[in-house]
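Look for chain A in each of the two complexes below; its partner is chain B in the first and chain C in the second.
Now for the complex of A and B:
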């Protein structure tokens, strides 16, 4: 019987795996690999839809994520905001999760500053409202009743961008940047009841849940995790956090596959031995 | 009476919400808009109940000095600190509240989430075994998705991303659709049972 080398035994110390994973993630972040990425049709569709909007179009971006997933969601939010601001679209930011409020405001302001956008005219941030269902439904009835003030306490009836917004009819596209299941509520209430166009930018772990809605046409575009962000950056011709993160993710995925293969070789050799 | 009144309230509002969805009458629309306001008001009270419950639970554990009660103390201290900072120092930019959020909560939560990469790698090594036919199918699908969702998959073979997309769009989507349709039908049935008062578990034991 062959004697199994130590690395093929099932009890490979997990600390070795952790060190390998750390190297697989850190190395591509330090030394850029520049792996080629292919743009998927769902991302292309959303990009095309965004391109079809003009400078009078108002986009409602809902920052529906929490701090835990910020590293994955931030490139998604950056990509869509860069597209909005480079095409001179008007942006209204809100959040349906309390934690998304500060983070959403930060991302929105950073991107607006890059394009010299004016607060109140080109973009506004309205902050957080509790109770997802009631907020989404109420926005379809009376926008100013849900958000009488913006995040900073200014009246939305006075801000140039929001003073003429009555309900979803005055909004061209809703975009939910999310790490959870809030897009289900957007689909159930804003899309089904008010027939509004919705796009979803979700973490990879959640994105698979939304493919049936993309296929049925209930959502107009889906950007799937870090890979989706990298694809969007390709279309924008502005490689950023998404592209850099994809190299690290590629190496991490490769390591996982290698570990699975190694584990199975060890498993089969032990089985033969028995 | 304690049980009948909630059942009647539930029936009236259930039928009202159904009616307003299908009938476009100004009276129903106005009523619907009022209900939306009430929902938000009720939710705020639910938040207060949640905070109170959190407080009672942790105070109880501290007073009984249950195992690792120090963590309960930390949780309460965190709550008290954020409430104090939020109410007395404000939540505007450059406030201590936002500083704590940006420099403590965000990095800590991101770290917790990032640890998944390490545990997934370790778990995949130990648990992803080709023990029988079903596990081989799962293993192959998993590997194809893992590789197909990153540029490296495309570099290895152009069929890998195609296969990953097929898995997502055909078998995975079929299963998800089945689940979603099941959830939808189940929700309708349960809603009807609640509206007509057959399903009463939401009332509790009282």
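Now for the complex of A and C:
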């Protein structure tokens, strides 16, 4: 491990930073501050696209995340599902990551129950399929070959929602709720090959990877992290997990900025002393 | 409060205890996470792949063609036996060959040509000019056939500036992501577990 020069060692116990961070997060959660949050154009675009769909439109939502990022993707999934169900869109849920299966099913069922949606008619959950590339390509050819059964073992040929779905032509929009790079596969195969519209709801850490595809029009909408979820909730006029967490997010960012400035001042003063 | 919430809260606190220092409670929660993740993946894979794609077609429907991918999959496990490990290369060759054949044209189209087209689009807006400048100068930084001096050196330096902006934005988003995970757990502990917030 490289040894830092003495003047670079600022003697601040890291546990003090952890305590400050805990206060910065907990205080706004308990005492709501109501800090302003502006809606960005990319979120507005997706919202507009969703609004343009009608009650015969089928949306394919792929829960492409793992348990470790669930606190970040859950508000995103909730926001988009609330929009789907409040506009009476039909929802098909799948997962291209094994861990996303149970979590995706949980989020889908919870939101469907809020709007009294009927399984098989308004929404279905088809579960996990391995080998991302093969699954995405095969969905463009024969939907029932990839998913002959739903997650619970029922035949997709018998379910009212899926019986007439043949391939991507019968799906209005694909939405990948993700914490990783699976949207690249959706872009490579579903968008480039089948010219299908794709929206991405991603963790903030993945945001910069997807912006070039939003700029090129390969992605129709991009919603990032807790802030994106909060913006979507503003547009829906239904404040939820995203809006509640944004005060804490802003305070935590403020603390980090202050610590970075203080750290640099300390570093600069130590060097001057030398 | 249900048992699931109680277990989740205790495990969250076990993980947070690492912030003070490494301890057996943290290690227990960490190993539990790894073990359960692997176990869950195996069960889901068997339930959604091995059974409906191999066992049922072969034994219920008598579709013996499904044995071919089944055997090739089995070969992959022979890597653990040095004398038979060579058989796994057959499966690997198929995976790499088919994978490359499918992905190279798709990636060229989606990630190279479409991105080039977007970078060369209409330059009516200031944003498009900045995008084009960033692409050209960043590419010039990775041009190593000439020493970075003169016009190429200046362009490469501007390219470094754009890359720094990208790294800064990415790091900022990473911080945001990590803070969100903390907020999610804090919301769970304060809400579902302690009932302090609604």
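Assorted remarks:
Criterion: the second predicted complex is superposed on the first by the 265 of 274 C-alpha atoms of A that agree within 3 Å, B and C clash if a C-alpha of one lies under 4 Å from a C-alpha of the other, contacts with A are read in each partner's own complex, and residues count from 1 in each chain.
FYI, a residue touches a chain if its C-beta (ideal position, glycine included) is under 8 Å from a C-beta of that chain, and two chains touch if they have at least 3 such contacts.
The model shown is predicted, which means the values in this text are computed figures rather than measured ones.
Residue contacts after overlaying the shared chain place A:67 against chain B and chain C alike. By the touch criterion stated above, A:119 is placed in contact with neither chain B nor chain C. Look at A:128: by the touch rule set out above, it reaches chain C but stays clear of chain B. When the shared chain is aligned, chain C comes close enough to touch A:191, but chain B does not. By the touch criterion defined above, A:245 lies against chain C but remains apart from chain B after alignment on the C-alpha atoms of chain A. By the document's definition of touching, both partners, chain B and chain C, reach A:137. By the touch criterion defined above, A:149 lies against chain C but remains apart from chain B after alignment on the C-alpha atoms of chain A.
Contact with chain C, but none with chain B, is seen for A:30 once the two complexes are overlaid on the shared chain. Residue contacts after overlaying the shared chain place A:218 against chain C, while chain B stays out of touching range.
In the superposition on chain A, the residues of chain A contacted by chain B and by chain C overlap at 18, 21-22, 25, 66-71, 99, 102, 129-130, 133, 137, 193, 204, 208, 212, 215, 224-225, 227, 249, 252-253, 256. Within the complex formed with chain C, the residues of chain A that make contact are 15, 18, 21-22, 25-26, 29-30, 66-72, 74, 98-99, 101-102, 127-130, 133, 137, 148-149, 184, 187-189, 191-193, 203-208, 212-213, 215-218, 224-227, 241, 244-245, 248-249, 252-253, 256. Looking at the complex, you find that chain B touches chain A at residues 21, 32-33, 36-37, 39-40, 43-44, 47, 91-92, 98, 101-102, 105-106, 109-110, 112-114, 117-118, 120-122, 124-126, 128-130, 139, 142-143, 146-147, 149-152, 154-155, 161, 165, 168-169, 172-173, 176-177, 180. Residues of chain A that touch chain B in their complex: 10, 12, 14, 17-18, 20-22, 25, 35-38, 40, 66-71, 99, 102-103, 106, 129-131, 133-135, 137-138, 141-142, 145, 152, 193, 204, 208-209, 211-212, 215, 224-225, 227, 230, 246-247, 249-257, 259-260, 262-264, 267-268. Across the complex, chain A is touched by residues 19-20, 37, 40-41, 44-45, 48-49, 52, 99, 102-103, 106-107, 109-111, 114-115, 117-118, 131, 166, 169-170, 173-188, 190, 196-197 of chain C.
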